[in-house]
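Here the chain labels run A, B, C and D in written order, and each chain numbers its own residues starting at 1.
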Amino acid sequence: MLTNLFDGLAYGMLLFVMACGLSVTLGLMNLINLAHGAFAMAGGYVTAVLVNRLGVPFFAALPLAFVASALIGLVLERTLYVHVYRKSHLEQVLFSIGLVFMAMSGVSYLVGSEQQFIKLPAFLANRYEVLGVSIGAYRLLIIGVCGVLALVLQLAVARTRFGAQLRAAVDDPVVARGLGIHVDLVFAATFAVGSGLAGLGGALGAEILGLDPTFPVKYMVYFLIVVAVGGSAGMTGPLVAAVLLGVADVAGKYYAPQFGAFIIYALMIVILLWRPQGLFAKAGGR
Amino acid sequence: MKNLLAAASLLAALIGPAVSPAAAEDAFKIGLILPMTGPSQSTGKQINAAVKLFMQQNGDEVAGRKVEIILRDDAGVADTTRRVAQELVVKDHVSVLAGFGLTPLALATAPIATQAKVPMVVMAAATSVITEKSPFIVRTAQVMPQVASTMGTWTAGQGIKKVVTIVTDYGPGIDAETWFVKNFQAAGGEIQSSLRVPLANPDFAPFLQRVRDAQPDAVFVFTPSGQGAAFIKQFIERGLDKSGIRLIALGDVTDDDQLNAMGDATLGVVTAGPYSAAHPGAVNAKFVAAFKAANSDLRPNFMAVFGYDGMQAIYDAIKKTNGKGDGSALIEAMKGAAWESPRGPMQIDAKTRDIIQDVYLRKVEKKDGELYNIEFGSVPKVRDPAKPE
Amino acid sequence: MSRAENIALAAASLRKVSAVRAAEIAFWLAALAAFALLPDQALLLSEVTITGLFALSLDLVLGYGGIVSLGHAAFFGAGAYAAGLLTKMGVTDPLLGLALSAAATALLGFVTSFLVLRGSDLTRIMVTLAVAVLLKEIANRIPGITGGADGLQGVAPGPVLGIWEFDIFGQVGFGYSLAVTFVLFLIARRFVVSPFGWSIRAVKENQLRTSAIGIPVSRRLIVVYTLAAAYAGTAGALLAQTTQFVSLDVLEFHRSANLMLMLVIGGTGYLYGGLIGALLFKLVQDAIANITPEYWEFWIGLLLVILVLIGRDRIEAIPRALLRRLRGATP
Amino acid sequence: MTAALETTNLLRRFGGLVATNDVSMCLARGARHALIGPNGAGKTTLINLLTGVLAPSSGTIRLDGADITTASRSRRVELGLVRTFQINQLFPGFTPLQTVGLAVSRRLGLDRNMWRRIGSDPRVIEGSVDVLERFDLIDVMNRPTATLPYGKQRLLEIAVAIACGPRVLLLDEPAAGVPEGERGEIMDGLAALPADVTVLLIEHDMDLVFRFADRISVLVSGALLLEGTASEVAADPRVRAVYLGDASHG
């Protein structure tokens, strides 16, 4: 029972780190970025290449995955995304799916289409029994890293100057601009950090979720669930939604394997009928 | 909008003739339909590489006919497979259809083979029922019951009494479960529970937790190639190996393509399968070396061999019919054909057109610093047990 | 101006909305010509036509009703399974099968329409998507009826109108699909320029105002969603009948997603967008995939990105300019 | 004679907060009645109660004697209770002709027709042209609404409401945001309202209120402070204190 909770928590945390960037870009820039999973995939592949081919230690590769994905995000934001902010949601869908297609094909061309596995340090395969709960070292690592990140993000948004600018820009970009906030800069930085986090999530998640060129499509739906159910206000919504999704998914498959795939989707429909704007909606949100 | 309309109608009128094929030449055309994109793309890529290798090794001329491969992608979508097959038959006038990465893709195309009297060589899809859907279907892949039943019998012979089965919830998975359970129970084993994992499944954790709770002697696994690694890793991570549960599987799980990358966690996993890259013998050694050389050191997996043998079957049939045979003649020529393949001796059943092959029992071991499925036993000439003798 | 003149003017400009344009006639003549002159392309064009009808159905929901759906394959798939099962149950007449499948999916559309009445774009995207996923899971779980993951085999519809048997060249399939699509298109065209159709456009333009002039918004959305479901179901039924096979991927997410791509490429809210988008997307995809079966996705992706960055307006301006030049050259 | 619009002890709570407190009003047929009150007095809540956006916690609403307290929004419009919005709520992609035409179709009960083409019924055309002429929109009737000057859009907001054939019209700050130069158009538009339509005007602009209304109700903190003729209200010291005084500051 508690083991399932633990597994679900790890899974949910992972989803949160990967999806939180998507939530912010939707809330902040009103951008539907279906290519978000491609940044997660980029992080995973960067780590795989660094660790497996170049022999970089796993823990050194993780920050590099973050940096690499963030850089890719920054470059794409400045060169391409900046042109689609003002376009309609439908055109954004078209654009970002185009990017997904290119990313999948590109990875398949460059690295190959087979599953990638990242060689992990041996101690991460350990397992501990604590009060009857069986805890895997790797999942513990995920919960630790993602938990710290969630906390840092929460504080960064709530306490720092940048966070204040971010919140102002979300509330009303026009007024924020009037107040002398460089909204473009805030956008770019946020986009880069969101992409970087996705990349870090992809690197951490490759072990559990697998990593192949179809990754962005396979998990896009999960990211969207997190964002839709969580609502696009702040960090709390996506975090709660991601953990809820993770736990429901794991528990559902454990207790009712014959209904495994039904549970999360049925749960989502119910939540969205109850709260169409998600669990934590912006007051008077769109 | 109005102009977009006009432009589109113009385009519609123009594009047809532009892409019409040139008049059929006298080449022997093989329509190769594979999932080159989408979730099953690695299957497509292995088979395609093997087909290329075969052509390179055996030349592109047989019995005076030039052989030409027309490769088309179906992305693993059944109605596309069917449409592409139809087009290859009616537009490109192919003499043979080949490929078929997944069961529904083969089943969707079967009526085309019958209607057009074009042989259809199944190089990957493994559900038993496929070959019964058209008298023009020949299979050079594997049949799931063939491998699963072998595993079931072997498992019972190892003193393993209680088993939990975990299979992916789709045609081949259910076939694997059915036949493993059938033979295992017939030999006196007990199935504690049979779990089915959704095909699009991100996490094996909850299923493995159930296995842990049930504490069987062994867990039997079938997942499509690619998902096996995640399974094995989580099996180890959960400490199931240490709690004395043996892991037995079908060859798809320890796919040669990925075995090295899957890491030492796979050491000792026992599987049943038709092909291992470590299969002894000169034929295989030559095949593996050539394949690696042509594909930047990629190791061929069972799919590659299935494709390679498919080409062998087609080439042999062309030779036998002197390059003049129609579809029916080609199928007749393939029935009962036998040859030495990289996987060992193999044969096409004259009656069922399905494959008869040796099924090997293998264990993952390290050889020259790399992980391989090392064969330690075999059952010769296994037919598809789901089909009457 | 006098009142009479104003009335005449107003009547003329309202009638212009529903007037048949020359380009439309050209479009359908081209379709007819394609049927007559391109027997080689019948299979691909049949698929294009069916997908076009499917996209037209999404246009009714999205372009007119303003509901963003990423799960429209739910209805397509339901229609396909309905038609497939009907032939297995002995209803082999294609048109009867089509009508019954449409009725069945209309019912499904009606029931699920209550889920999409409220919420943002994202909410609706997720709810529609979830409905499609659940339907696919159900289809997967009842292999006794649907054939499960192996697909539904043995779908054998009789000849169309008792005369034309479906052939391997796809000629009959294409003609049949085209005829059905044309008839349904005419009905849809008439529907969207009716007062009822305008009230649905009004809902998309501004829900608050629509209800303030006394039009019941929810009921309008329910009707258009139900109608669109019937259209999508018909498209699915056409696919089942012409390919004589139904597999789980009729309900797959990528089908809904590709549909959205096609419709947005062709443009929403004028009914031809779906047909044109399906034509362009499938032809380009087929052409590129024939050249590079492994990496066609890259080039399609690149085209999509370029399309959005340059903007459809500017791309549409090119044929416009060409036409102008042509007209100038031959006065 | 029954009143055109009558509320009896209308009450609406939001949690512990009383937004509309025991409001009883009565509008005679053809009345030009204004409702004024400082910001936050509960005017918007009252409109939402009258039009059915919100349900009252208690009390009744009658339209021409018939109880409509629980009637749906569209039913109220059908019965002749129509409103305009403080912030334009128009169809940006429609032309004024199409907008008004749709409202007229609805009034004539033709909006459920799925087969007739729009513009094929002469009654719709004539009805639309009548309204467009009355509000001086005929010159711009074929331009997309989004491209019209703001004053014209404001007029269209009223014209659509009239096209619905109201017996009682709720005008929610019709002059809000209209630049000085286009204000005359709005005044003309209000003057052109049919005499048999009962009008309830909610407005901040005192000048407009005093020129237009013959009776005025003052709403303060959700409750009616007083009702009377323009001069009575203007002379009342309480009103001067809570409202007019307020207005002179800001």
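The rule is simple: contacts are C-beta pairs under 8 Å (C-beta built on N, C-alpha and C of every residue); 3 or more make two chains touch, one makes a residue touch a chain.
What you see is a predicted model, and the numbers here were worked out from it, not measured in a lab.
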Stepping chain to touching chain, what's the minimum from subunit A to subunit D? 2
By C-beta contact count, A-B versus B-C, the higher one is B-C
Comparing chain centres built from Cα atoms against the global Cα centre, which chain wins on proximity? C
What is the chain whose Cα centre is as far as it gets from that of subunit A? D
Centre-to-centre distance between subunit B and subunit A (centres being mean Cα positions), rounded to whole Å: 35
In whole angstrom, how far does the Cα centroid of subunit A sit from the Cα centroid of subunit C? 33
When centres are defined as mean Cα positions, the distance from subunit C to subunit D in whole Å is 41
Sites on subunit B at which at least two other chains make contact: 37-38, 41, 45, 198
Where in subunit A do residues touch two or more of the other chains? 104-105, 108, 258, 261
For subunit C, which residues are shared contacts with two or more other chains? 137, 254, 294, 296-297
Touching pairs here come out as A-B, A-C, B-C, C-D
Residue positions on subunit C within touch of subunit B in the complex are 21, 23-24, 26-27, 29-31, 33-34, 37-38, 40-41, 43-44, 47, 137, 140, 148-151, 153, 168-170, 239, 243-245, 247-250, 252, 254, 266-267, 270, 272, 276, 279-280, 283, 287, 289-290, 293-294, 296-297, 316, 319-320, 323
Going by the contact rule set out above, which residues of subunit D touch subunit C in the complex? 51, 72-74, 76-78, 82-83, 85, 89-95, 97-98, 101-103, 105-107, 110-120, 122, 125-126, 128-129, 132-133, 138, 141-142, 160-161, 163-164
Spell out the part of subunit A that touches subunit C in their complex, as residue ranges. 26, 32, 80, 83-84, 87, 89-95, 97-106, 108-109, 217, 221, 224-225, 227-229, 258, 261-262, 265-266, 268-269, 272-273, 276-278, 285-286
Within their complex, state which residues of subunit B touch subunit C. 1-13, 15-17, 19-21, 34, 36-38, 41, 44-45, 48, 71-73, 76-79, 82-83, 86-87, 89-91, 103-104, 107-108, 110-112, 115-116, 127, 129, 133, 169-171, 174, 198-199
Subunit C residues touching subunit D - in the complex, by the definition given at the top: 1, 3, 6-7, 10-11, 13-15, 17-18, 190-191, 193-199, 201-202, 205-206, 208-209, 211-216
